[in-house]
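Which chain is which? They are A, B, C, D, E and F, in the order written, and residues in each are numbered from 1.
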């Protein structure tokens, strides 16, 4: 990955929302979405992350990938704060369907209803879903 | 106008349309493309779900994808509007923002 | 309107890139600008110079080249995603000590910053994927 | 595609079942599955095709791909008979869920219940699902 | 032994597990791998579906995929057996045939 | 037992090829034979010689080469699928007038007949895909 600051530009700040709906490891979307999030933050944009549907599994505690020969990238979610990415939202209904609670998650998040998430989404300039 | 949502997955295969409908605000629009067009058909096990969502949300379907899959306008749920790719472009321009439910 | 398009799947396997192409053609026909197409995830595979699709099938890579040339579209292939998947330009091939390169002319390799920039500069950033 | 007879071998006959569960055009699986079916028939194996879930849409009448720039390969299903592929089965429940009847299909098929399909599947040597 | 079915999709995202269960004969086995492992967990909206299928079918789950996704044996529905890749191999050898539900 | 494996997805985007690799290693460890691995659909992309995955990630193409070499596995890339997607060996490159080739040593290009043959000759033919 090229360093984020290499091609940084000065300009307006837009609201970017990343909607994460896929589980990690089964597909690469979670990992490569995270790379976009980091770059967007490096561009000093207003970044929000939403975890809904199977995306809530991305931030499940206790991931251990030793047995599948893939890299455990979940610690990166903990590093997001250092990039000033602090707006992490989780869909309440998705957690409940999966029998999960906030305690199962490895980062601090705000749990919202779908109606609240819909309001938030409506307020964005760019919405990306991976 | 409010948001435009696009759905490209079959409602029989995935939960994508459900998720989209549950997060589409009243007054927003949903455009069904690719395998998403199956959600626009009447007489299927997914029809009721779409019909009831139509009280809040306007549904569109991409004609070229509909025809590719052997379907015609007559098979659509009443009130769903057919657009071509230029109509797709118009919808993205008319709405304030676009979210692709993948 | 000024459009940016994000393409996340490769040629033939998924319709995503075909839908994006039809959309781009229609947008241009209606007088809009397609500023940039960003190829991410398996989308980088669309930039291959080595494909030989069946005679009676579409040539996805070449269709994009022609459309981009005629309408001044900036086609950017994500460098990180391309490295993972074996898409290289001549510079990268030399830098990585590979025996050849396979990016078709008309596509350029760059960082994810180009995607964020498209999100900032365009009126609409649309995603086509699986 | 290389000609089927080029690498034909002599040997035992096995029962091959192809389970088609995906709609055409959205992904390439339906088309590339059909290519395997033709080759398997050319090897004089015992070939069965099952269309279930969205796979039933593969043999929907009236497909017209002019608008999406892709090739309409549905006529190939009609040609299967010429390759001695005559065991085509359709899942009854999948048809019903989609509001379809046998009249909507472009080839002659046998409509079976899931229990009947399960028995058939159980009797195969090789089951491939695309 | 009868057939082994493998399912690699999340029961929350796709209809794959449903289709598999509806075509799995009594006495056959289902192995949940990759994102399919979410079907093996208790306390989810998919649990009942799997629990009731267990009267006819034996369920297995691939341990390495379970652990990768932050889950452990304690979270499994009672009666689902954990195997590693070698156990996966054993299952394919012990059963007469294998069908991958993709 | 004599195993054949069918791989339908490319590297990194889906876990399919990783699962197949772990399965193959385990089968060999248990004294079974892996007769052939057939790469179809996007699976052909696993055979690229041009990938440069991140240092801390797995190298899927090379892992297969090593495993195949040590255990005499026949790794076959479907020619029709490869042509569509831009995977060529030196012969194909010359025949098609392309400026280079990108199939890694250890993989060979051939027809779908090789898949059917695996189905006939192996005790089990397993599919790994999306």
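Definition applied: a contact is a pair of C-beta atoms (placed from the backbone, for glycine too) under 8 Å apart; a residue touches a chain by one contact, two chains touch by 3 or more.
Computed from a prediction, not measured in an experiment: that's the story for all the values here.
A.B. asks: Looking at the contacts, which chains touch chain E and chain F alike?
C.D. replies: Both chain E and chain F are touched by A, D, going by the contact rule given at the top.
A.B. asks: Give me the two chains with the most inter-chain contact pairs.
C.D. replies: Contact tally peaks for the chain pair C-F.
A.B. asks: Over half shared or under half: which fits the residue numbers at the contact of copies chain C and chain F, same or different?
C.D. replies: same
A.B. asks: Quick one: which chain's Cα centre is the longest way from chain C's?
C.D. replies: Relative to chain C, the chain with the farthest C-alpha centre is E.
A.B. asks: Between chain A and chain E, what is the gap in Å from one C-alpha centre to the other?
C.D. replies: 28
A.B. asks: If you average the CA atoms of chain B and of chain F, how far apart do the two points sit, in angstrom?
C.D. replies: 38
A.B. asks: I'd like the Å distance between the centres of chain C and chain D, where a centre is the mean of that chain's Cα atoms.
C.D. replies: Result: the chain centres lie 33 Å from each other.
A.B. asks: Using the touch definition from the top, which residues of chain B touch two or more other chains?
C.D. replies: In chain B, the residues touching two or more other chains are 8, 12-13, 15, 34-35, 64-65, 84-85, 97-98, 100, 102.
A.B. asks: Indicate the residues of chain D shared as contacts by at least two other chains.
C.D. replies: In chain D, the residues touching two or more other chains are 1, 25-28, 53, 68, 70, 125-126, 129-130.
A.B. asks: On chain F, where are the residues touching two or more other chains?
C.D. replies: Touching at least two other chains: 8, 12-13, 15, 19, 22, 41, 54, 57, 80, 127, 129-130.
A.B. asks: Following the definition at the start, I'd like every touching pair of chains, please.
C.D. replies: So the chains that touch one another pair up as A-B, A-C, A-E, A-F, B-C, B-D, B-E, C-D, C-F, D-E, D-F, E-F.
A.B. asks: Touching residues of chain A toward chain F in the complex: what are they?
C.D. replies: Listed in rising order, the residues of chain A that touch chain F are 1, 25-28, 68-71.
A.B. asks: In the complex formed with chain C, which residues of chain A make contact?
C.D. replies: So the residues of chain A touching chain C come out as 1-2, 4, 6-9, 11-12, 14, 16, 28-29, 32, 35-36, 39-40, 42-43, 45, 125-126, 128-130.
A.B. asks: Applying the document's contact rule, which stretches of chain E touch chain B when the two form their complex?
C.D. replies: 12-15
A.B. asks: Looking at the complex, which residues from chain F come into contact with chain C?
C.D. replies: For chain F paired with chain C, touching residues are 10-13, 41-42, 45, 48-54, 57, 61, 80, 83-88, 92-93, 96, 98-102.
A.B. asks: Flag every residue of chain C that touches chain A in the complex, lowest number first.
C.D. replies: 6, 8, 40-41, 79-81, 110-117, 119-121, 125, 127, 129
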